[in-house]
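See the structures that follow.
Next come two complexes, and both contain chain A; in the first it sits with chain B, in the second with chain C.
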Partner chain A sequence: MDFVTLILNLDRKIIFGCVALLVVWPLLVPIQMPIGTTPEVRSIFSAIDALPNGSDVMIAADYDPSSKPELQPFTYSLLAHCFEKDHKVHILTLWPGGPALIQQAIEEVGAQYGKSSGTDYCFLGYKPGNAAVVGGLTNSITGTYPTDFYNRPTANMPIYQRVQRVKDCDYIVDIAAGATVEVWIAFASAPENVPMSAACTAVSAAGYYPYYQAGQLDGISGGMKGSAEYDVLLMDKYPNFKNGGARIAGNAVKGMDAQSAVHLFIVLSIILANICYFIANKRQREERRNA
Partner chain B sequence: MIPVGEVIGTWIAVGLTLMMFSFIYKDNPAFKFGEHLYLGISVGYYVNIQYWSTIYPLVFQQMQQNHNYWVLIPTLLGIFILLRIIPSLSWLSRMSFALYIGGFAGYSLPLIVHSLLLPQLSQTLQPYGGGVGPVINQIIILLAVFSTLIYFFFSLEHRKTVGVISRVGIVFIMVSFGASFGYTVMARISLLIGRFQFIIDSFRGQ
Partner chain C sequence: MIFLKRQLPIIIAFVAGIMMWIRYYIPSEVSTNLEDGYLEWVRIIVGFAAILGILSLLQHHMLKIRMKRPGFAFSYVTIAAFALMMFAGFAPFNFPGFAEKNMETGSLFNWLYEFTFIPMQATMFSVLAFFIASAAFRAFRARSMEATLLLVAAIIMMVGRVPIGDLISNATPTFMMFGNEYHFIDFEEWTGWLLNVPNAAAKRGILLGVYLSQIAISIRIIFGIERTYMGGGD
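Coming up: the complex of A and B.
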């Protein structure tokens, strides 16, 4: 069997094995390939960084464990960035599978920065209804969420003594695994004129570029790569974060070596398979002509 | 010291991950077990979350603590939707759906037109300016929008000029699909990396 036939009849298990190897190896022995930052992610970082200290940021973490590797690192980094700037964080989820992940993130990062629930941040929890919930938040945050995730009344919390509704917040970030970005734009950001950015899974990133192009989103972070970029920007600007937040930062960065290695393998495989396909086609045509 | 429960939980998670990966070799009982366990636990988890975050606070708690019995009306409408499974009573669900669709359409249509459609339209038809690069971008965007809309315009036969424009539209659609596919590959690899990272970190005790 010659090389062309071998490639065209390659058992797919060999390809799976190569992909597994290329994922595991860089995780065990990091290559530390450079991670460039894109204007889309830099815009999110600059927007959060440019807010005056103590601003109110509403974070919608609309994802569940199936998107954890892509979006959870972004949540950690964004929370750390907000707390680094002493911003007040209002965090919630429109996804039923989200609360456990958010609880883990907000409690871990909050404890690291010595922030307290009800004063520096509030985890509002999950509520079904997407547009109805977002619409409700434009009228009253405490009315839509009378209690927080821990079942404590929100109306008495210090954080809600000056913030009543979404319009009182200075910024919105939707960390989304689905189509909730459009809901936040349509029902909160655009009508209430609150600037907004989105961090989404790589699958949905291409679909949100028109909103970025139109200026309805300040920035977009797509998948693990976007999260890694945010980590890099954060570590460059706040060296303390690098030292103090080792557990917080770098999860996405660690995965990028493997990501790059597998992408390279896939691109080379596609090129090789196509070349072999055309060679095999040419051979078949010649054989037919000779026959 | 790490709690025993956390250690056991991690080992179960690692074991289940390997069970799911075993499908790459071939379908097998370990994969089937993991698959069914995942489905069962997911359904149980989501039912639990929905009950405690919706039905209990918005229905039972409202009636018990606030004596607000108006909540029975939406609850009844919700039960009507479930009656679709009984053919003789399925007509009741139409009332709920009519109210839901009508109410939501009335609420969301003006906002969606104002917040999504009009800003997108105005950005597509922006006046040219800002240097050579932005002008080229504007022309490409306008060309892409126009040719793609023509591709989905079926009242004219796609021949001659209309055919040429719709073929240009196909090119733009294909570029869009390519970008989405590239991003999809990245997303799937990210999930694989996440799982391997979890397994490696578990073995390292992190």
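Coming up: the complex of A and C.
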């Protein structure tokens, strides 16, 4: 069997093995490739950073464990950024599988910054009904969520003495694995005139560019790469993160070596398979001509 | 009975649809209160969907076990896992070895979520990477002009959206044009162009079509022309 035939009939277990090796190896021996930042992610970072200290940020973490590697690092970094600026965080989820992930993130980051629930942040939990929930928040946050995730009444919380509805918030960020970004734009950001950004999975990022170009989204962070870019921006601006003072940033950065290696492998294997495909086709044509 | 099954849903759809439509254009205290009540109703109704989901899940797996269909043993696992998670979430006491109850950090529910649910979902999703790599190797061929365009765009996006793309771009020689310095290969520039020009243009067209269709369907439902949501075919 010659090389071309061998490649075209390659056992898929060999490809699986190569992918496994290329994922595991860079995680064990980090290469630490420099990560460039894109204008889309820089816009989100600048928007959060430009808010006056103590602003109110509404964060919707609409994802579940299947998107954890791509989006959870962004949630950690965004929370850290908000607390670094003393912003008040209102965090919730429209996904039933999401609450425990947010609970982990908000409790861990909140504890590192000495922030307290009800005063500096409020974890509102999960409620079904996407558009109905977002629409309700535009009328009353405490009316839509009479209690927080821990079953404490929200109306008495210091954080809600000043903020009544979404319009009173200064910024919205939707960290989404599905199609909730459109819901937040249509029912909260656009009608209430509250600026907004989105962090989504890499596969869905391309779909939000019309909103980004129209100015309905300040920025888009796509997948683990977007999260890594946010980490880099955070580490550049706040040395606390670079020195490891805050353990929260850098999770996405660690994954980028593995992602780079696998992407490069897939690209090279596609090119190799196509070259072999054309050689095999040429041979077949020649054989037919000679016969 | 015909009235309850046919006319009443159409009347409800008409009144609710018109009311919410008018409310959008006449913002007042009355209309805001009306919307508040309406949204609360929607949230309550959606809550009932969870009950339907649970009943449907149990019914499906009970039937599978009763009929001993292929793979019925997995139905036992599904029902047991469902019962365990629900019991852990609702039980008003601390399980032995766990400091908290219900869904608090340190509870059995939280432990099950963190150490079974998260790894299992992550595993399911991770397996995709292996299948995509294998499928791309086997099926991604430049067989036609369209397939070649797709292939080139995919390669640019795959390399351009990871740090190695920046490394390759920076390693290529540069040239001057209109007073600016450019790299011969610039993946960041190319991916930016692909996303902002052809992708955004196509996506915008699709979105406009989708939203216009949604408006048309909504009008048909409000005026009782579209009745398939009631379960009939007419």
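The definition used in the following text is that the second predicted complex is superposed on the first by the 288 of 291 C-alpha atoms of A that agree within 3 Å, B and C clash if a C-alpha of one lies under 4 Å from a C-alpha of the other, contacts with A are read in each partner's own complex, and residues count from 1 in each chain.
Quick note on the criterion: contacts are C-beta pairs under 8 Å (C-beta built on N, C-alpha and C of every residue); 3 or more make two chains touch, one makes a residue touch a chain.
Everything quoted here is computed from the prediction, not taken from an experiment.
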Practice task
Considering only the touch criterion stated at the top, classify A:Leu27 as touching first (chain B), second (chain C), both, or neither.
Solution key: first
Exercise for the section: Examine A:Ala190 and indicate which partner it touches, taking first as chain B and second as chain C; both and neither are also allowed. Expected result: first
Exercise for the section: Would you sort A:Thr5 into first (chain B), second (chain C), both or neither based on which partner it touches? Expected result: neither
Exercise for the section: Figure out whether A:Gly135 sits in contact with chain B (first) or chain C (second), or with both, or with neither. Expected result: both
Handout entry: Comparing the two partners chain B and chain C, which touches a greater set of residues in chain A
Key = C
Exercise for the section: Mind working out whether A:Phe16 is in touch with chain B, chain C, both or neither, as first, second, both or neither? Expected result: both
Exercise for the section: Identify the partner contact of A:Asn251: answer first if only chain B is touched, second if only chain C is, both if each is, neither if none is. Expected result: first
Practice task
Please indicate which partner A:Gly215 is in contact with in the superposed arrangement: first for chain B, second for chain C, both, or neither.
Solution key: first
Practice task
Mind working out whether A:Tyr126 is in touch with chain B, chain C, both or neither, as first, second, both or neither?
Solution key: first
Exercise for the section: Check chain A for residues that touch chain B in one structure and chain C in the other, and list them. Expected result: 16, 19-20, 23, 66, 68-69, 97, 99, 127-128, 135, 202, 205-207, 210, 213, 222-223, 225, 259, 262-263, 266
Problem - Touching residues on chain A, where the partner in the complex is chain C - result: 10, 12, 15-16, 18-20, 23, 33-36, 38-39, 64-69, 97, 99-101, 103-104, 107, 127-129, 132-133, 135-136, 139-140, 143-144, 149-150, 202, 205-207, 209-210, 212-213, 222-223, 225, 256-257, 259-267, 269-271, 273-274, 277-278
Fill in the blank from the handout: As the complex stands, chain C meets chain A at residues 32, 35-36, 39-40, 42-43, 46-47, 49-50, 103-105, 110, 113-114, 117-118, 121-122, 124-125, 129-130, 132-134, 136-138, 140-142, 151, 154-155, 158-159, 161-164, 166-167, 188, 192, 195-196, 199-200, 203-204, 207
Problem - In the complex, chain B residues that touch chain A - result: 24-25, 45-46, 49-50, 53-54, 57, 104, 107-108, 111-112, 114-116, 119-120, 122-123, 141, 176, 179-180, 183-187, 189-197, 200
Practice task
Would you mind writing out the residues of chain A in touch with chain B in their complex?
Solution key: 13, 16, 19-20, 23-24, 27-28, 66, 68-70, 96-97, 99, 125-128, 131, 135, 147, 182, 185-187, 189-191, 201-203, 205-207, 210-211, 213-216, 222-225, 251, 254-255, 258-259, 262-263, 266
